[in-house]
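Each chain carries a letter (A, B, C and D) given by its place in the written order, and its residues are counted from 1.
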Amino acid sequence: MLVVMAKGATEEDIRRVEEVIRGHGWEAKVIPGGERTAIGVLRNKGPIDPGIFLQLPGVKEAIPVSKPYKLVSREMKPVPTQIKLPGGLNIGDGQLILMAGPCAVESLNQAMTIARAVKAAGARVFRAGAFKPRTSPYSFQGLGEEGLKILAKVREETGLLIVTEATDHEVLDLVEEYADIIQIGARNMQNYRLLRRAGQAQKPILLKRGMCASVEELLMAAEYIMAEGNSQIILCERGIRTFANHSRNTLDLGLIPYLRRETHLPIVVDPSHAAGRRDLVIPLAKAAAAVGVDGLLVEVHHQPEKALSDGPQSLYPRQFEELVNELKAMNLFLEE
Amino acid sequence: MLVVMAKGATEEDIRRVEEVIRGHGWEAKVIPGGERTAIGVLRNKGPIDPGIFLQLPGVKEAIPVSKPYKLVSREMKPVPTQIKLPGGLNIGDGQLILMAGPCAVESLNQAMTIARAVKAAGARVFRAGAFKPRTSPYSFQGLGEEGLKILAKVREETGLLIVTEATDHEVLDLVEEYADIIQIGARNMQNYRLLRRAGQAQKPILLKRGMCASVEELLMAAEYIMAEGNSQIILCERGIRTFANHSRNTLDLGLIPYLRRETHLPIVVDPSHAAGRRDLVIPLAKAAAAVGVDGLLVEVHHQPEKALSDGPQSLYPRQFEELVNELKAMNLFLEE
Amino acid sequence: MLVVMAKGATEEDIRRVEEVIRGHGWEAKVIPGGERTAIGVLRNKGPIDPGIFLQLPGVKEAIPVSKPYKLVSREMKPVPTQIKLPGGLNIGDGQLILMAGPCAVESLNQAMTIARAVKAAGARVFRAGAFKPRTSPYSFQGLGEEGLKILAKVREETGLLIVTEATDHEVLDLVEEYADIIQIGARNMQNYRLLRRAGQAQKPILLKRGMCASVEELLMAAEYIMAEGNSQIILCERGIRTFANHSRNTLDLGLIPYLRRETHLPIVVDPSHAAGRRDLVIPLAKAAAAVGVDGLLVEVHHQPEKALSDGPQSLYPRQFEELVNELKAMNLFLEE
Amino acid sequence: MLVVMAKGATEEDIRRVEEVIRGHGWEAKVIPGGERTAIGVLRNKGPIDPGIFLQLPGVKEAIPVSKPYKLVSREMKPVPTQIKLPGGLNIGDGQLILMAGPCAVESLNQAMTIARAVKAAGARVFRAGAFKPRTSPYSFQGLGEEGLKILAKVREETGLLIVTEATDHEVLDLVEEYADIIQIGARNMQNYRLLRRAGQAQKPILLKRGMCASVEELLMAAEYIMAEGNSQIILCERGIRTFANHSRNTLDLGLIPYLRRETHLPIVVDPSHAAGRRDLVIPLAKAAAAVGVDGLLVEVHHQPEKALSDGPQSLYPRQFEELVNELKAMNLFLEE
């Protein structure tokens, strides 16, 4: 924390700030300047509330200097984290992993049809929701445990791993039994009870960025999980809410290189939710791959016009295949 | 839903759209125009996904016409809802109700000191958190049930009613026993499990708008509660996230008159969280009162520099009194 | 500028930063900390580019400490500026000044009709555009100099002062001849050629905040004007662009108390452009008055359904009168 | 325009809307629905103001149906526009064109050094500002005409074409003499005087999207230029202002495929201004190329730490070369 004094601040104002700093058991370091004086705060543990100083006379600003996240930070662990999954899948090893599937599990037949198609195209993980958080209480909310059982059958038959969402901490108990990767959705990024439960899980967590979460909030959400003991976390960018309304959200690809510097955790991108409309998905997926991510999460449905949720943003299987081919043409996706 | 055709759309394109509409059991009404044709969709129940049409050839746009919320809408119930509380308090009857108190319950002494001060100034409801959702896992998370017991003592001694937050559905069981009004925080506005549980509660719910929630999402969250049977809901605007960083959030006061037209539910404003800094709270509180709200939720702490959370945005008791006096001077607050 | 080193920064990294600082002719002050070292930059004139340091090895962050604006700052001139106008009008003396009128001058009859009505209700300044910046090249662009002549007649007959927009530096030559206050619109807030010309004008400037301008950018735009010698500047908040689409823009009232601390310039609010729809204008106007501004800029039209621009956000004269009465009832507006 | 009536709207309310529509010389088409009635407006020329209807009793909403842009629209001209430049350069023919150079021309030596480097790496156009719009009146504002003469020498010696900014309509007279492509900057996207002058120019215009411009506003700005007779327009996405502050702006790549559907004009991306920091530029440039744009505008400086403006976001020449190599490795850039 750096406390910057106003130009007209008196000696007494400065002394008062020093006293408050020492009163908290920290150390104060006065930095006289040409125009104004600043006072550094040292030896604090954890973040300091700027308001402690803003309310004192003669104080112009209080600027936080250190970041509040620890365990997830690259400073703490310079080596990138890799998530090792059954079947030799390794998220974060430099390869692009494709995770694809419908928004929701609707039936065994639907899931299996799509799973076979995305596997044939190159996907290694099947994504589909059994528990769906929906804006309207009147919309289809997912098949629940029946959906999880279908996902287990899909894995058994296709060998694809399963990522699916846990919408609350009790649902997570169930999801943990069936899934290979447990997803926490954007609306739940700050559901701390759920995050703590995820921290006790034995499975990797795919944590989606909230629609208007800052980098710091995203990393602090991951910190909640890691503080409980689970360090297997995959971060997921899926678009932020902005004034621009030509797409559902605005995909924030500048986040990826920024996160690479800040954290050791692997990062994937979901272009489907960012786009909200099919014709933007392939371009955004290619952009994300070109930036350099550890995986893509893509919605695919063989009959999007009949899908029970998010049909309009789902690719047809042949479009997913086309995407994979374009990724190969850019040397961004390697066949095994 | 209105499906707008592109200029070059063929007769066949139009017929195809009509067929899709009828295939869903709805009615299609073609509206020929000078420049282009539009097709209205009738007899649908519930919202239609625009993507159903966007993927058809010759379709330019698909524009939703009806709103997805029903129970909370003013069309459904033109008369404003009033929330009747013990002690004759009535939220939504045209009077401004002041709800004030610290961010968190820290001790019996702290709570009682602040409660007496805000009551003396004119508050009718005491606000303080026993369960605190915090961005950092390392921050103070509230006293839990002990905090609720302190709140009950505050009510007993001062006669103030209690509003306090339930951070998940199990916490809500506990909060319902102690509180007069159960708060759902901004980060939980789309925690549907919590919303459903709130819908089964016998106490009124104060529902805070999420930091980047649209009007529609806010009203759909209230719809979740109401669909479960609880129609005692107070909506709360507390600032939205924008590019502007001189305040923590941007208070969206235009929402209030807009909501008045859309819903019958009472509305309160929390200027403290919008401001994030003490010197903006009084001006924003006065602005909200001038717009015409049913209540204000204001953070007050007698020792904000020692507060365990959100100290910098808490008013001193004498500032709260000053705010009340200014509201009286504007004839926006009446003493009993 | 405070340069914060990464945890693993070496002695050499620190020396390199010191050298770069000295190489620019500034002074370096090393501040060793428990966790990491920071280096303060002293004796610089004007803002420093953080990127100078961000590119050096071992540097974590570079945090600007001082503000770039000088002449407009409260630190430079602690006493509030008052703008003295003909007829004894004084903007910034604590009184609320009402500026009202149609979006555009359409005819002498239209302007005079509205001017008489707003004057009768309490307005002191007539606002109307002769040169209109319009999103579409096909929309009505204003009457031009003919409009200015009509405005001059309105002043002559009613005694109202005139505020009207100059859309470029050549138009400003013309506007300066006729207007009492020269308006610079939101889209031109960073039209530096226009700002410089405004700085050479002998009339006060009403400078509107750009739709997505930060506080700093707004104040730097005023600094452009003031640096050319014109210190008669009125700042105007008119709403910012956010994700919220229930109103045209989101009125940022937290800006007002923030600006009061940062600058000595008077501040007015335009609730009409923020709202974009008539039913939100009165509530937002009252809110702005309650926050404490030096004036309101309100669109009024006697036949908004026939207005050539922005009709839907214009109040009817009787609504403007109603607004004035409500402001009086709140003791926020005093009759002479 | 579709006027949607409230549920309780009376027959008289509907008749009144019909009358207003006919009063404007348009045609009204009533569309009765199960829940509510809608009324289509036909035979209007140009956009209709929704407010005309919103102010009538019984009206719930007024939804614009047609887009206001004409000349720039794909509906008007389905074939993509190609901009043919001297030396056989063709923007919009499917090839990625690299435009690179420093933020500002600082000296002949600086410009020539960078120009040679970017040409060697594969650039075809040299970008550098002679007239610089700067937030601070105290910052370096460019070399003016001297800078343009330097650019002419760069072209003469290297064969690179020149793109440089015109900051107002008089500057454009000068820029037109020297440049091959005239740039209009983001802050001037709605400087209509400048746009009209650009519409009379004999050279292509590179039009940058304003920091918070909607798609519609961007296309309407291009419409201003095209309405004056210049159809040689290149649109440029350069990031929008959002709450996210880890990069200077948020690059909106979803805009590109959306624009492809709406307009026939070629599109380029400027990753440097979006990023604001060097380490994000290469990833974002690759992302933009992967989405499929007609060109990239990249800032390059051989001594960014000494640059007079925007040094921190400039690539070193060797980084630019690295970017080109990575684009080649993705088969997104072809050597001649």
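Assume contacts are C-beta pairs under 8 Å (C-beta built on N, C-alpha and C of every residue); 3 or more make two chains touch, one makes a residue touch a chain.
Since we're looking at a predicted model, the values are computed, not measured.
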Of A-C and A-D, pair with higher C-beta contact tally: A-D
Of all other chains, the one whose Cα centre sits farthest from chain A: C
Separation of chain A from chain B, taking each centre as the mean of its C-alpha atoms, in whole Å: 26
Geometric centre distance via CA averages, chain C-chain A, whole Å: 38
Centre distance in Å when chain A and chain D are each reduced to the mean of their C-alpha atoms: 31
Junction residues of chain D, two or more chains touched: 212, 241-243, 245
Footprint of chain C on chain B - complex, ascending: 212, 214-215, 240, 242-247, 250-258, 261, 274-275, 279-280, 283-284, 286-292, 329-332
Complex interface listing, chain A residues touching chain C: 2, 4, 6-8, 29, 31, 33-36, 38, 40, 42-43, 61, 63, 65-66, 75, 78, 241-243, 245
Partner chain A, residues of chain B touching it in the complex: 20, 46-47, 49-52, 54-55, 68, 133-139, 167-169, 171, 187-188, 190-193, 196, 211-212, 216-217, 220, 223-224, 227, 241, 277-278, 304-305, 311-313
